[in-house]
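Structures follow.
Common to both upcoming complexes is subunit A, partnered first by subunit B, then by subunit C.
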Partner chain A sequence: MSARKLKVATCSLAGCFGCHMSFLDMDEQIVDLIELIEFDRSPLTDIKTIGACDIGLIEGGLCNDENVHVLQQFRQHCRILVAVGACAINGGVPALRNRFTVQECLEESYLHGVGVVEAQIPADPELPSLLPQVIPIQNVVKVDFFLPGCPPPATAFVEIIQAVRDNREPRLDYPMRRFD
Partner chain B sequence: MSETRYVIDPVTRVEGHGKVTLLVNDAGEVTQARLHIVEFRGFEKFIQGRPYWELPLVVQRLCGICPVSHHLAAAKAIDQIAGVTQLSAPALKLRRLMHFAQVLQSHALHFFHLASPDLLFGFQSPEQQRNIVAVIRQHPDIAIQGVRIRKFGQQIIEAISGKRIHGIAALPGSMNAALTLEKIQPFLQGIDTIIASCERTVALVQTLTEQDADFHLDFGYIESPFMGLVGPQGELELYDGNLRVIDSQGQILVDQFPCARYFDLIQEQVKPWSYMKFPFLIQRGTENGWYRVGPLARVNACTRIDTPKAEQARQAFRQHMGAPAHSPLLFHWTRMIEALHCAEAIKLLLEDPDIQSNDLQRSGVKQHTGIGVIEAPRGTLFHHYEIDDEDRVTRANLIVSTTSNNQAMNDTIRKVATQHLDGHSLTPELLNLVEVAIRAYDPCLSCATHAVGTMPLQLQLQTESGALLQQLQRNSDGTITA
Partner chain C sequence: MNEPVFWLDDKAIPFRDGQTVMTAVTAAGHYIPHLCHHPDLTPHGSCRLCIVQIDGRIRAACTTPAQANMKVTFDTTLLNQQRRQIVELLFAEGNHLCPSCEVSGNCQLQALAYDLGMTHSEFAPLYPQRETDGSHPDIFVDQDRCIFCELCTRSARELDQKNIFGISGRGSHTYLLAHSDSGKLGDTALTETDRAAHICPVGCLLPRNGNYQIPIGERLYDAQPIHIRGNHRPDDGEFTP
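Moving on to the complex of A and B:
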């Protein structure tokens, strides 16, 4: 085992955070894991911008231009980029909106919603613009590994990290491969 | 007078994606704080045309932190669509068990993984210290306790639904399967330890609060009405019940309000700068009608808690902190009182033979509307669906917990910024404190946009017209640069 800890960054784009929660479902194993890794930018830390990392774990697909920007930063800074979960790999549930236009979706929520007053579609320089379709991350950047599942089990995260540490291919045996 | 805007983007250790703008006038007074929810999913539209029985499965994927709450709120709605007004006792108890496990694990996650670094190390501790890894290193006993409480809740969810996250449990008017004695045994053996851990955590939060009472009580102090579900005797209720609203003095404004008529109680205002709407009590209007939900709201609003240890903790809380208590940091204390209640309630249900019964299915005459309301970990959650004759969803409306706290979060941020903004310049301290304020509400911005994301942080100073004047950013090495 190398003395240097692996730097791991994680983020959730158009995802539900369930993949992050599944990572934490390793329970007490996290105590051993933090001997191997160090978190960089992640919702679990207060680091806001990503530095040079060994592994980037991406949850969620792309639904707005800010997602694209964050993803590109992760690609630039991470030696190994992992698409985690159904949303990153296929778009997942958020991609159900692809049957409709963005405008139709916005109108339903902000103009026609039950009990909506001052109906208007939010528009402000602070709000990123929505992509016409929700797309998987490999449409925009090169992805090194894919962890399927909704969410992938905690064991799969541990295996990916250990594989990178040992400089080998991850062995995602059947129980670690979920297709739900 | 011209206004200056400060932006914090993204905010971390909360579940979701958002940024904050502070509008400051020439005199250096904070005139407005805006928590922008920058993500939009379009759930209300894309669910149209899907068969209604899919709802509990699809809708839980809006939030991986409280998926069970979404699963069960949708389940309650589709029970009604299936014409079932009364579940079988075993099905109801299994759902309640699952939901208590959800609230327990989510409260543990928030307290230990996200908020405890602030409370244990102090609000101005170095950034490298403010995370769960540092808690594991320096307070391993506390951290492991948190990990185990969360694990216990997740394992019960897994036992009932097949998976810890996004399992399958609820069906229209039914539950998928009962528990077996074999599955229940390990939980029966473990539950007393979990109850004891929750008791210790309540005591810990009380100590941390009282050690620095002036700061805790003053920090971001605002007053508001509170909303929550209560049972028939006004007791704290997380799965069922009717709505109660108390005013900022603690007087009951609305009681036993039927959930199915929620649209006669609250409406939602849209503001151009956020995808998150602003719910308000219709009787008080958009300006004054905002209210708070979540642990603090529920503990303030209920008449009692029907498990003994949590009830004792509630009474102690009221004695020390007043009734109702308003300080946002008190969410943490009440969150752990609720965790204790969940643990006690889980024990009672585990001991109940009904959860092993296969009498699970009820049926009825199909209806076209279903409204499911539940107390999710972060507060009252409303799911409203309409379907056509072909069983397809034609309309959906969700009001998630975090949305109900929208105005409160903005006001709390404004208050904190007013208390701590140092003239015209952005300081790292302010940046921290604004995040602490947001985190107290445990906002699930993922839920609020009907999806969760990460919230890194950037603080910007802008003129009213949007020109960038100054920017502060936290880098991965912990340094802060302009």
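Moving on to the complex of A and C:
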């Protein structure tokens, strides 16, 4: 066992946190994993800023300019960047909005949606601006590995981490190559 | 007289006069990846998944007549990489959002992606604007998923003796056409019992009933890859869980 643990940062951009839930759903394998990694920035630690990391796990695609900012920070700080799940890889279900304009989406949600009261489109300058389309993360930064699935199985997360530890390409066997 | 053979890599494949490389290889019990080929229909040669190398040239196995002693190169790293890139292009060209698709797990495009080792598409998705058509009482059309294999067009014409579908438009604006005055599928002669209603290899022509009936884990391609199961649909009469 090497002395230094791999530093892992994770985030969910335009995702649903389902990939994070799948990551945690690895039963007793998590005991071995604790010996192998430690978390940096992650919703699991609630650390808000990212330091130098070995692995960055990105869940979700890019739907707003804050997503792009966070992604670029991860790219700068992570030796290996991994696109995790269908949304990070091709936009996923959020990309269903791509056939509509941003204005149409906002009006449907905040003006004409079912149950809307005091209808108004949020315009606080602190809110991130929506991108014209939801896009995959590899449209903006170089991605080293891809974990497909909605969500990827927990075993695929383990395989990625072990592959980085062993300095080899991950082997995603047939049961791990899933798009749903 | 001995049956003539050709060579698929190092395998001798017997064939009869008139067979293509694809039909002879399939009859011999081997699998060549394909989407637009169907044993009951005239070859189309459009999806290019069945590429093989013959005399240094890349050719479609489904449209190439078998010839005695021909050497067909099939299983190479480069050819498999090219097949995977073709699948990646198909994914990038349409809106293939598997988590929200009724045929996920039973989809031949998805199954070939799995089998060819695709984890993502190297090509940026185009997110084309395509129409849906809910006018037919039994069959829904979601053109986001169309790969223009024309299995529906050919099966309607050749097996059902009906002129129901066509392909129109050009390039990224290509679309599946329903032959009716309104352009709607509901105004064509397509019926639920037609072969054309049950031949789409993806989720474009979708029966309204019977979706989500097979639990995850037991769908066509959950446990076994398409090169073992073959190109099937849950409703094609050959499906056994």
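Basically, the second predicted complex is superposed on the first by the 178 of 180 C-alpha atoms of A that agree within 3 Å, B and C clash if a C-alpha of one lies under 4 Å from a C-alpha of the other, contacts with A are read in each partner's own complex, and residues count from 1 in each chain.
Operating definition for what follows: a contact is a pair of C-beta atoms (placed from the backbone, for glycine too) under 8 Å apart; a residue touches a chain by one contact, two chains touch by 3 or more.
Remember, it's a predicted structure, so these values are computed and weren't measured experimentally.
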{"item": "Partner with the higher number of touched subunit A residues, subunit C or subunit B", "value": "B"}
{"item": "Touched partner set for A:A83, first subunit B, second subunit C, both or neither", "value": "second"}
{"item": "First, second, both or neither for A:R99, with subunit B first and subunit C second", "value": "both"}
{"item": "Partner chain(s) touched by A:C150 [first = subunit B, second = subunit C, both, neither]", "value": "both"}
{"item": "First (subunit B), second (subunit C), both or neither touched by A:R177", "value": "second"}
{"item": "Partner chain(s) touched by A:N139 [first = subunit B, second = subunit C, both, neither]", "value": "second"}
{"item": "On subunit A, the residue positions that both subunit B and subunit C contact, one per complex", "value": "92-93, 96, 99, 150, 180"}
{"item": "Parts of subunit B lying in touch with subunit A, wherever the complex brings them together", "value": "7, 10, 12-17, 19, 21, 34, 36, 38-50, 58, 61-65, 67, 109, 113-114, 127, 130-133, 136-137, 140, 143-144, 147-148, 150-151, 154, 163-166, 263, 266-275, 277, 286, 384, 395, 397, 432, 435, 446, 451-458, 466, 473-478"}
{"item": "Subunit C contact footprint on subunit A (complex, rising order)", "value": "83, 86, 89-93, 95-96, 98-99, 133, 135-136, 138-139, 146-148, 150, 172, 174-175, 177-180"}
{"item": "Complex contacts: residues of subunit A adjacent to subunit B", "value": "9-22, 24-25, 27-28, 30-31, 34, 38-51, 60, 63-64, 66, 92-94, 96-97, 99-100, 102, 104-110, 113-120, 122-128, 130, 150-151, 180"}
{"item": "Subunit C residues touching subunit A - in the complex, by the definition given at the top", "value": "91, 95-101, 104-105, 110, 113-115, 117-121, 124-125, 127, 129, 216, 223, 225"}
